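Scrolling down, you'll hit the structures one after another.
Each of the next two complexes has chain A plus one more chain, namely chain B in the first and chain C in the second.
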Partner chain A sequence: MNRTVLIIGTIVTAALVGVLFLGLGHDPSHIDSPLVGNPAPSFALKVAGSNETIALTKFRGKPMVVNFWATWCRPCWEEHPTLTAAAGELGDRVQFLGVVFQDDEAKILDFMRQRGAAYPTVIDERGKTAIAYGVGGVPETFFIDANGIVVAKYDGPLSPEQLQSYLAKVLTP
Partner chain B sequence: MILTLILLIGIAEPPHGTPLQGGELERRTQAIASEIRCPVCQGLSIADSPSEMAVNMKAEVRDLVARGYTQEQIDRHFERSYGQFVLLRPKFRGVNTLVWILPIAALAAGAFLVLLTLRKLTKGALS
Partner chain C sequence: MTLAALGRLLILASLLAATTGAVLGFASGAKKSLIGLQWTRRFAYAFAALMVLATLVMERALVTHDFSVSYVAHVGSRAVPLWVTIVSLWSSLEGSILFWGFVLGIFIAAATLLTRIGHEGEMPYAIATWLTCGSFFSFLIAGPANPFLTVSPVPLDGPGPNPLLQNHILMVAHPPMLYLGYVGMTIPFGFATAALFRGRLELTFLRLIRNSLLLSWIFLTLAIMLGGWWAYEVLGWGGYWAWDPVENASLLPWLTATAALHSAIILQRRGVLKGWTITLVQASFLLTVLGTFMTRSGVFNSVHSFTQSAIGPTILVFLAAVLIGTVTLLALRIDSLESDGSIDGAVSREGSFLLNNLLLAILTFTVLIGTLFPLVVEAISGKQMSVGRPYFDSMVVPAGVALLFLLGVGPALPWGRASREEIKRALLPPLIGAAMLTIAGVAFGARNPWTILTLAFGGYAIQVTVSAMWKAGWKARTTRAYVIHLGFAIAIVAIALSSTMRTQTEVTLAKGQTAKTGNYSVTFLGTELRNEPHRMSSVALIAIAKNGKAIKTLEPRMNQYEMMREPIGTPDVYSTIGGDLYISIASLEESRASLLIITTPFVSWIWFSVVLMAIGGAISLIRFRRVAPAVQPALIDKLETLSHTP
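The block that comes next holds the complex of A and B.
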């Protein structure tokens, strides 16, 4: 009897410790993207401050960095100089695209006037593109290779070093 | 002039159900939305959350239900973007099987222990 209790108790405790270990070692705000390794969802969205619409397909054949952001998001402010600097340096080698999420066009234009804009920004008015990309918060950045495959996703503001490391993945032939 | 937003996103497969409208559409939307997790909330479904993200996701559910998409198809549609995380009720497959089996196994183990203890107590009392 005591032996049986000990064995069952050990198994239950080991299972609980295992579950706790897995849970504590995982960031609950991070969602693994099932899009990685799959084609990037298509979209066509209006460009901020213009009547033009940009479709993702327009950039097929070129590596892309698609950054979901918003003017009300402080970490996006911190990340903005990193993205604009990299876009300026890389020129035509990589296409950067900002997708603004749950925001107001006037505020977006004001933000870009004050802080600069090195690449196009489109407006995801009804959040459908954010949903298709599985966005759970901003900033979130998707790295898409020249074949239109999502190579990586990053949650949170990118540092210049992190951006370089992810860019290496899409620039690799 | 308000510009038209062109969206190419959608479900590639045809709907497997019947298009709904009116009260039935609302009831079905509510039922499906109550099992989809709001990705920007703490444990709330998109039916219960007032966040803009949840409202947009629920609108997408309503649109799909109105077009005749089934719950299975709608779940798959959101899973393609968010993974199984988005489902409040995990599917009975893969590692998720443990979520369903472990509570039953724990209950059975507890019942077994209680039974053993009772038998021992009964034996002790009789002798």
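The block that comes next holds the complex of A and C.
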């Protein structure tokens, strides 16, 4: 029995397996948004299918879910039923708002006609709002509390369970 | 029977064949049973046949769009071209594990067939070790990563494979090449484990280890190059290496395998470093398992990562088990691999081999630490951090340059103890090559001190290598190996020049407007929208001219795939021997384009020189097989010495 080999080997094994074990379950694509804890950037955008403009400030006093999406994004299609169901259920306590970017209005209206719409969708025509929110791709969802502070951000399509746990964060004062 | 059920059946049978063969192999090794060995071989062939059949079943399901098979429902699509459908076998997690099993099966069958004569003491252990790995992969395919589940109701169409795979033809070559390199490491691992079980390492058996290691090394070398080339052609930032955790994961076993290939030469010549060589071979395999964990656990962020999956813990358990087994075996048996030789003279060929091994070990350790450090920090402090280029460059560049220095000086030095005069006579002439390449490089515009040092060492190494090849004649064994050295020296010089002398400009052009960069002028002609069944592309048409003479129109584009959150940009490159003009899109509107224009000297030399390394490896392998296995290399050496004595 070679003790040196045994000792060095044990140390290397324990260190390597330990580090990798601790790393399990950690999501490398999750990067904290610098907006979390800060006021949500304000915007005023045109509502899809009408000439009306909605400003973020209109909803102050009510927690919000702002979802950036587009009709060309397949994961957004998957996520859509989750959001509409939650909006139907909690619409009076939480304001849902869709922000579409890099898309055209006809396609958006078509999409909403086919798949249903439970909350207003606004059009971020030049993508300025998406840039202000640091959106890297769609879908991305921001959770804003009643005081207009960003509480959390999620990249990618939300599952109903994930949406529930994030909503809990904005609903509890 | 449905294809899904047939696939599941074949995989379960392969699991049975592999586990039975593994148990039988270890038992017949311990009992020294020849009949046991024969049966172990049969189980190895059975495992291989079942894996190949299962893969063919999956390919059939893919090509016939049988969406009742879960993997086909997951990655198949009627809209994608046939070649994409065929290669989508390795486009997603479950299929890639099945493909792994397929490659492993072929390797095991080939290695079992080629070793059917001789080494009856070692072979049961070697085959048993291979089949243990086979059992693990069969288990993964049968359980946590099963691609043969039945889907109900059967969808009419599927989403198609990962767009990155569809985006470039190099994706057809890079992953399989990497699998060949990674999976191939299982074979020398099995041989080395067998040597440990037996507690002895004969030179003829060492040759098996070395040849199988060299074969995987060739594949791994090509895979790393293809990956870099793919990144360069696709990712749009004009580079080929980013120290991405998964790139590092492929480099780590390459480094240890390179070290092992060198220490094996010393072992052959002088009979020393037996335990060390075996350790390096084991480490190379373990690092491929680590690499598998990195790509498939979802722990590391990388272009290579498959989506979060449940197989991370399973692979970690396998890695831990193999580590514990290997360490225990090494600790128990390393002392019985007695060293029967010695090395004399630090300033000798042997001395340079030792230094080479030391440097490669340091490099391995440095890259490993840099790759795992973010995980350690996050585990301890909960803070996110990443280790980037500055760390890797500052650590790896000096070690790489030192390796290049050894590549020149080592082969120039004589074997054994040499007189001061002999050393001088060996080391002085190549200074001419060093001076010539340095002067040429400086005249070309190289100013970075590391680049100049690289040119000097590179020129030195190239002269040493070429003159050694000249002296030994084109048929000699060493000449063939020196082709690898030549490729490596050229690659390092090309990497130094291309990374320190590249220029990068960002321009915004209106339609019809021209920008100048170096000798090139670049004119934005307009945009074009192209619709293909599986994607939509906005193409920028860019006319390029060199010294006022029109050359061609480049077409960098943005591809939007339905499944992706972001469009994928694809740059376009105008390649020449002297350097590349590389254009990628930063943003594109109908009458305006923001472009990233990069010129990189000698970048295509990297691809060619790495191919040269692989060719060198391949011809060394052919040569090796011709040596009659009964004649020991040490004996050949003795005969050579005798014939030179007057």
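Here, the second predicted complex is superposed on the first by the 142 of 173 C-alpha atoms of A that agree within 3 Å, B and C clash if a C-alpha of one lies under 4 Å from a C-alpha of the other, contacts with A are read in each partner's own complex, and residues count from 1 in each chain.
To be clear about the criterion, contacts are C-beta pairs under 8 Å (C-beta built on N, C-alpha and C of every residue); 3 or more make two chains touch, one makes a residue touch a chain.
In this text the structure is predicted, and so the values were computed from the model without any measurement.
Q: Would you check which partner chain A:T10 touches, where first means chain B only, second means chain C only, and both and neither mean what they say?
A: A:T10 sits against chain C, while chain B stays out of touch.
Q: Looking at A:F43 after the superposition, I want to know if it touches chain B, chain C, both of them or none. Which is it: first, second, both, neither?
A: In the superposition, A:F43 contacts chain B only.
Q: For A:A86, using the defined touch cut-off, is the partner it touches chain B, chain C, both, or neither? Pick first, second, both or neither.
A: neither
Q: Under the stated touch criterion, which partner chain does A:I108 make contact with: chain B (first), chain C (second), both, or neither?
A: Once the two structures are laid over each other on A, A:I108 reaches no partner at all.
Q: Just chain B (first), just chain C (second), both, or neither: which does A:R74 touch?
A: It touches chain C, and chain B stays clear.
Q: Between chain B and chain C, whom does A:V151 touch in the aligned arrangement: first, second, both, or neither?
A: Neither partner.
Q: First (chain B), second (chain C), both or neither: which does A:S33 touch?
A: first
Q: Contacts for A:P139 in the overlay, against chain B (first) and chain C (second): which applies, first, second, both or neither?
A: In the superposition, A:P139 contacts chain C only.
Q: Let me test your reading of the model: by the given contact rule, A:V66 touches which partner, first (chain B), second (chain C), both or neither?
A: Neither partner.
Q: Determine where on chain A the residues touched by chain B overlap those touched by chain C, and list them.
A: 1, 5, 12, 31-32, 136-137
Q: Quick check on the complex: what are the chain A residues that touch chain B?
A: 1, 4-5, 8, 12, 15, 31-35, 41-46, 51, 53, 55, 102, 125-137
Q: Hey, which residues of chain B end up touching chain A in the complex?
A: The contact residues of chain B facing chain A are 3, 5-9, 39-40, 52-53, 56-57, 59-60, 78-83, 85-86, 102, 106, 109, 112-113, 116, 120.
Q: Show me the residue ranges of chain C that touch chain A in the complex, using the header's touch definition.
A: Of all residues in chain C, those touching chain A are 159, 275, 290, 293, 297-301, 305, 308, 312-313, 316, 319-320, 323-324, 326-328, 330-332, 334-335, 372, 375-376, 378-379, 384, 560, 562-566.
Q: Using the touch rule from the top, collect the residues of chain A that touch chain C in their complex.
A: 1-3, 5-6, 9-10, 12-13, 16-17, 19-24, 26-29, 31-32, 72-75, 136-139, 156
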